[in-house]
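Consider the two complexes below, in which chain A is the common component and chain B and chain C are the respective partners.
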Partner chain A sequence: MSELLSKLAECIEFGKINMASPYPPQMKGQEGADEITRKALDEGVNPQDILSKGLMPGMERIGIKFRENKVFVPQVLMSAKAMSTAMLHLKPHFLSGAAKQKGTFIIGTVLGDLHDIGKNLVGMMVEGNGYKVIDLGTDVSSDKFIAALKENPNAVIGLSALLTTTMVNMEKITREIKEALPGTLVTIGGAPVNNDFCMKIGADNYSPDPQGVVEFLNTKIA
Partner chain B sequence: MSKLIDAIQNRVLVSDGAWGTFLQQKGLQPGECPESWNITRPDDVFDIAKSYIDAGADMIETNSFGGNRFKLANYGLADSVYEINKAAAEISRKAAGDKFVLGSVGPTGKLLLMEEVTEDGLYEAFKEQSIALEAGGADAIVVETMTDLEEARIAVKAASENTSCEVICTMTFDKTVDGEFRTMMGISPTEMVEPLIAAGASVIGANCGNGIADMIGIVKEIRQANASIPVLIHANAGIPHYHDGKTVFPETPADMGALVNDIIAAGANIIGGCCGTTPDHICEVCKVVKS
Partner chain C sequence: MIHNYQFNFQELDISKNEISELLGFNGEEMPEPFGSYLEEACQDAARLCDIRGAVYISENIEFISNNSAFTIDGQFFDAGKLISRQLKKATSLALFICTAGEGISKKSQALLHGDDPAKGYVYDVLGSITVETAMDKIQRQLREELSATGEKLTNRYSPGYCDWSVAHQHKLFSFFPENHCGISVNSSALMHPIKSVSGVIGIGKEVKFNKYHCEMCTSETCIYRNLRSRAEKIF
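And then the complex of A and B:
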């Protein structure tokens, strides 16, 4: 079992989706996240273990490499694709309660901003690290965040912005979320954002990279 | 009028500064489509173009950065690509007089790698936009703020195969923790050079980014990879700070002007600004270049 799971972690880390995928070249012709996850379930491996000992270590390793600029967005996207493929097999087990996610993370790009690459990367990375992710898309108002929070009490909010003109909307959204549901944690990110800005607008965390969001969630939730 | 490439042989040229941040000053709201102003507020767009010509720029861009069908679709304007881009070029043409007009072409925001778009889909989108910019009077097409080499290559190819415009391509680089320059997608200045030239670019370079100081290193790297390709730099006025509910770009015209000679020494042929730069920045660049 442990060999299967470490093989799965490797598929996630290097973005090996399935046997047919030519990427990465050094794993060509080998089984990918798709086949190995199915095999593990068939062999009776606990879905929780598949998540925490297969997917999560792989996602953590790629997240750290990304932070250290050892890999760039394309490699992370391939890892995320491999992860989502595995997740499809695990979904029924989450729904039945046989496997549990650590908590819920609600993410969106703020009002006025239509950029979604960074937001998607964070969402995928957080999901691959064992959280339920609710992606509200782009151009999201505080009302939408608050409505999603009411449906998912205790979820943590992630705000993304690419533009210097839309990052200012983070302040209003953060304030309105915290007024409506005091105690809600808000983490922010995006190219123009930094820690100083995070403090000024009263958000709880700033991460320059997706792994930082995962680590913040892990200290607050798990 | 000589073509852009001929003009570069004689001296360093000056390009324009920011458009997006300038439009916002004129009242563009977050969530509003900047390119729609070419139709609804052409006089304001003209003012921006004209202010850079008045500052002394040898060339100005067009208000068409997000004028591809994928971006315009966000505002329900996917079918207005031709009208919007042609108008963008016409406005800048009117302001430019005998100066050059560079038709701005930005990324689609769609990732090939995630199968959000096909290569053919990208090619068709860039083709339609480039044709409209040429029809409005653009002398050159500037494919800019690219991070994915594949998308950049397709845009350059679409522009060079379907218009008689000269094609410029600039990518956006960050500095890694090891001090190397890479785009978000991992492309280095060195890696972009040959593929972009092969696709049809006659000028390459970098835009946006973290301020003018980093641009010196980027130009040096391009120059090391290719000694002769003309290089264009459109630098940000630094990384913005947040102050009293507003974002402020830290680099002043004097800050920018102070580094112009270093950029020229590194091998740049055309120098202008990106986010946060103003006509005053361009005026300062002109002073140094022409002195």
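And then the complex of A and C:
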């Protein structure tokens, strides 16, 4: 079993989706996350172990490499795709309660802003590290965040913005979320955002990269 | 006076190497499926892009506040010292807007949220390069038009860079008719379509084009930082 899981972790780390996928070149013709997850389930491996001992370690490794500029966005997206392919097999087990995610993360790009890719990357990385992720999209108002929080009590909020003019909307949204549901944790990010700004607006965490959010969530929730 | 430009994707002649570099494949050959994704995106771009730009040139300009700001037709632009100083020898200023159109972002978004995010990212990066390359071409055309008079151009400078606030987008757009080139600005100063740029270029006999203008910027994360080839293409 441990061999299958470490093979699975490798597929996630290197973005090997399935047998047919030519990527990465060094794994051409080999089984990918799709086949190995299926095989592990068929062999009776516990779905929770598939998630936490196969998929998550792979995702963590790619997150760290991305932070260290050893890989770039394309490689991370291949890993995320391998991850989501594996997750399709696990979905029924989440629904039945046989496997559990660590908590819920609600992410959106703030009101006035339409930038998408950074936010998506963060969402994918957090999901790949064992959380349920709800992506509210772009141009998201406080009301939408609050409504999603009410449906998912104790979820952590992630706010993204890419312009200094939309970054200012983070302040109002953070305040309104915390007024409506005190104790909610808010983590922020995006190109113009920094730690000083995070402190100033009363958010709980700033990370320059997705792995930082994962680490924050792991210390606060898991 | 407003000069209008329109290009088709092919005539921009975007180099695959440059795209590959921006995707993060530095010098090395792009592994599959990225090579095929890029081929497909370039083919598709001809249909998806609506590449338009416009330039408004005015001689009615003044540098003020110890060269940290300027006015164009009496409108005040507080662009900051770094940018204004690069422009201060100009005898006219050109405001520009340019877009790659909405189609390429729509396609990119559908893929990013659908079943092929990596392909979606290739389209996204292609959209960014398209608008920047179109501006390179506009700048080259302007330079050629002006060469007879002995006038030269500075680099282009945009709101949101080097202490020039993005909030000034509204002022810049007030020089163009509403929705010109299909570009609009929302109340947060964000342009729609997303793959759009705006800014100013200095024109004059004494101005300089700075090949190493990345060096005056302090951003450590900018993906254009090492792309020196950009400046060389315009110059």
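For this structure, a couple of remarks:
Everything that follows uses one rule, which is that the second predicted complex is superposed on the first by the 222 of 222 C-alpha atoms of A that agree within 3 Å, B and C clash if a C-alpha of one lies under 4 Å from a C-alpha of the other, contacts with A are read in each partner's own complex, and residues count from 1 in each chain.
By definition in this document, a contact is a pair of C-beta atoms (placed from the backbone, for glycine too) under 8 Å apart; a residue touches a chain by one contact, two chains touch by 3 or more.
The shown structure was predicted, so the numbers you read here are calculated from the model rather than taken from an experiment.
Partners chain B and chain C, brought together by superposition on chain A, clash.
When the two complexes are overlaid on their common chain A, residue A:Phe72 makes contact with chain B and with chain C alike.
Applying the stated contact rule after C-alpha superposition, one finds that A:Lys200 touches chain B and leaves chain C untouched. In the superposed pair of complexes, A:Ala9 makes contact with neither chain B nor chain C. In the superposition on chain A, contact is made by A:Asn169 with both chain B and chain C.
Look at A:Leu114: by the touch rule set out above, it reaches both chain B and chain C.
Judged by the touch definition given at the top, the superposed model places A:Ala40 against neither chain B nor chain C. By the touch criterion defined above, A:Pro22 lies against chain C but remains apart from chain B after alignment on the C-alpha atoms of chain A. Residue overlap on chain A between the chain B contacts of one complex and the chain C contacts of the other covers 71-75, 77-78, 81, 111-117, 163-166, 169.
Across the complex, chain B meets chain A through its residues 20-21, 24, 29-31, 71, 74, 109, 111, 113-114, 147, 176-178, 180, 182-186, 239-242, 245-247, 275-276. For chain C in complex with chain A, the touching residues are 23-25, 31-34, 109, 112-113, 115-118, 121-122, 124, 160, 165-167, 186-190, 192, 194, 221.
In the complex of the two chains, the chain A residues touching chain C come out as 21-25, 71-75, 77-78, 80-81, 111-117, 120, 124, 163-166, 169, 191. If you check the complex, the residues on chain A that touch chain B are 68-69, 71-75, 77-78, 81, 111-117, 139, 163-169, 171, 192, 196-197, 200-201.
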